[in-house]
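What follows is a set of structures for review.
Each of the next two complexes has chain A plus one other chain: chain B in the first, chain C in the second.
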Partner chain A sequence: MMDTRFNNSEIYWPAVVRHYRVSAGLNQTELANRLAVTQTMVSRWEAGGAAPSRRVQDLLFDLFWADSATISRDVWMQRIAHNPCMVFVVDAQGVVQTASRGFARLAGCSPDEIAGRSIDALFEGDAMSLFERLSEAGFFEGRIAGAESAELYIGRDQAAGSRFFAHGLHRPVFMPGPQVLWLASGSEVTQQNYEDVRERLGGPSVLRKAI
Partner chain B sequence: MSKRLKQAALAADLGVTQAMISRWENGESDPPERVKRRMAELVQDAFVVAPAPTWVDLVTLNPGIEFVTDSLGMFKAISNGALDLFGVGREEIEGRQAQQFLGGDFAATMDQVREKGMFQSNLAFAQSLGSLEINVASGMKTVLCDFIHWPRLSEARTVYCVHSGAVIDEAAYTRRLEERGDRFTVRKTF
Partner chain C sequence: MAKARTPAQNGDVNWPEVLKKYRFSKNMKQASLAEDLNVTQAMISRWESGAIAPGRDMQGRILAMVEQETLATPMVGWRQFVTDQPAIAAVIDPDGRIETVSVGLIRETGIGRADMEGQRIDGVFSGDLLKLFSWLSTIGFFDERVETVESADRYCIHRPDGAEDSFCVHNMHWWRRGEDRRPRWILTGARVDEAEFEALREEFGAQARIMPVD
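Our next item is the complex of A and B:
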């Protein structure tokens, strides 16, 4: 069910505010103090009665970041390219923002050849349907806390000739804009392992709703 | 009221007064659409929502090779992928000293990461290439690895180091060593 009440933004603030607050272990008053607003305001955002102001939207996303990182988001983004594991970041339009060296190796090309291209231009089948499932569930609106999945990647274009099974973990990253990006990390696995994961998940993926 | 919530708590959540809640419960008036929607969400959430996983929880689920150490070199979390590589169960090594199990070039790398100020927030990240000697009860094995080491904050806001790595072959090792010029490289914060 799409929520179209806040036309100025695609983010679903009730989920984002509550999810941040609960993961940080704060009550409404404590979060209100951090954001320099009243507790009533926080309660209205969480109930969907109002959307936070632009100042608070940015602040909230910055707090999300500051709670787990010592480095800036730019540095983090650059660092992903050096990661020897499978990692990539995709935006709401399905465009790869950055890809790790580990992921590029699996795709048979360099991280630079993947970044800036859309996921369905690079891979057939599973990768695109995962993006669509996440998207439909409101991942890019901040409605999803995380997901686990198993995919078969079949490369095309830049990634032509590559074919691998992967077991992935997915979570939202809260970036300036404000926008939610999809951070995928995982590992190449054997076909047997891929089938085992799908059986355990009861399908290609399991999505966990934000609180 | 299956959640044993006080009227006041529910009122705060919904952004209305406690008196309003009491009137709805007594059937004197009907909640507005917005509140009905939120109530429906709350009822559904009671069944499908689990507490938000922390990033440390997510490391343990990671099918790739990833583990977290603190400034004292203790394992704080280890991914499923790393446990497979090490060939041990989580309970055997989590909470113990990493260098008790991991040797080879990796032991020196952990010291360098610490000396370069990882735990004082002086590093954006570090990269290392080299042997990883895995020394567990089931035996010892050595693999060549490429690792990235980067800082994250624990819930208590102390700096932890996340090590994400991949096993590589000799050809890749040689090629990457030439690219980087050194087995161990760091990127400082400003």
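Our next item is the complex of A and C:
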């Protein structure tokens, strides 16, 4: 059962604003100019004294997007569906929005059988723990810059082939809504690789907070 | 003046404090911390009460976890994202020079970063990838005329020690502009078995195709 406490992630604007500003190498005045607001306003958002208006929220997420990709979000989603590697996008409720062809291949089914279902319903073990860990750390609120992990995926209702070790890389994607989605990309690895990654990380995953 | 204790000198680390502070900051239960560290929940409880200290190996893991967890970082750039990819990935310039390779490509080929980055692709690979590169040039990929390409390729690699290897990869390619505004070839892929490779070739009707728009 999905835990309901994950179901209302609100964006934590102080982290998102500061994260974007620092990543883009801007000072408060420069960011204020880009968003057509005053520097005082940017300072208040970062201090948590006020939340950006809806217009600015969307603009900020669009800037985030433009800095990391040169294509539209629609084309990007479509590209993920065709991706031969293990890639999936999950929302704050733990529901898979898009799964790649490569991920479906590993899970032993088609991408359509994965999209729209919750991680919890699809896999036993590590995948759900990782989602919970990200969620509890505020990933869907924009508090996390990235994460790395090693998991054992065990399909709940698929054939015997759907048990595989994976090495994953995770980052937030800023989508309209505004909402933060979890982009997981990775690769199937040998059990030895999986153990080596866990050893290096000092555990199943390492999360990096947004500045 | 009292200095903050650095985790390196962990002879007299206050383990109950370190563990509880970490756990509370993450809003974690003892059970989930136990799972992360692969110990029992009772063990976490004993460490936190100060009844016993974690063993030496475990001390290292806990400190690594605590230090890494508290590291705040800016959003990584696209090139770093390629570097860190567990899957096969690379950034190649329009002249065929390999600029960046992923952790996954290093793992799959067994060739080190220094022996791939800066090389031309024909210095590391032969066969399908070279054919693909010239085909991409022909269809205007480097002139930004094509958005996404997929291919099924047999990677033939030459290791620096002279060893040769080959394996099948399902690839996807797109371009993005580099720091100097020139387009770069972003190659990503996953290893597949012979049967899947043949099936993909059949599906594409060729080694590679421009990805159809849904």
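By definition in this document, the second predicted complex is superposed on the first by the 198 of 211 C-alpha atoms of A that agree within 3 Å, B and C clash if a C-alpha of one lies under 4 Å from a C-alpha of the other, contacts with A are read in each partner's own complex, and residues count from 1 in each chain.
The rule is short, and it goes like this: a residue touches a chain if its C-beta (ideal position, glycine included) is under 8 Å from a C-beta of that chain, and two chains touch if they have at least 3 such contacts.
On a predicted model such as this, the values are computed, not experimentally measured, just so you know.
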Handout entry: Partners on chain A (chain B, chain C) - clash or fit
Key = clash
Exercise for the section: Figure out whether A:Arg156 sits in contact with chain B (first) or chain C (second), or with both, or with neither. Expected result: neither
Practice task
Look at A:Gln28 in the shared chain and tell me whether it touches chain B only, chain C only, both, or neither; answer first, second, both or neither.
Solution key: first
Handout entry: Which of chain B and chain C A:Lys209 touches, first, second, both or neither
Key = both
Exercise for the section: Applying the touch criterion given at the start, work out whether A:Leu169 contacts chain B, chain C, both or neither, answering first, second, both or neither. Expected result: both
Practice task
Answer with first, second, both or neither: which of chain B and chain C does A:Gln39 touch in the superposed model?
Solution key: first
Practice task
Examine A:Ser185 and indicate which partner it touches, taking first as chain B and second as chain C; both and neither are also allowed.
Solution key: both
Practice task
Quick one: classify A:Arg54 as touching chain B (first), chain C (second), both or neither.
Solution key: neither
Practice task
Could you tell me which stretches of chain A are touched by chain B in one complex and by chain C in the other?
Solution key: 19, 22-23, 67-71, 75, 79, 82-86, 102, 145-146, 148, 167-169, 171, 185-187, 189, 208-211
Practice task
Please name which positions on chain C make contact with chain A in the complex.
Solution key: 26-28, 32, 35-37, 60-62, 64-65, 68-76, 78, 81, 84-89, 103-104, 107, 147-148, 150, 169-172, 174, 176-177, 188-190, 192, 196, 211, 213-214
Problem - chain A partner contacts - residues on chain B that touch it in the complex - result: 12-15, 34-35, 37-38, 41, 45, 48-55, 58, 61-66, 81, 121, 124-125, 127, 145-148, 150-153, 159, 164-166, 168, 187, 189
Completion exercise
chain B partner, complex, touching residues on chain A are 14, 19, 22-23, 28, 39-40, 43-44, 46-49, 67-71, 75, 79, 82-87, 102, 145-146, 148, 167-169, 171, 185-187, 189, 208-211
Handout entry: Interface residues, chain A side, partner chain C - complex
Key = 19-20, 22-23, 64, 67-71, 75, 78-79, 81-86, 102, 105, 129, 132-133, 136-137, 145-146, 148, 166-169, 171, 185-189, 193, 201-204, 206-211
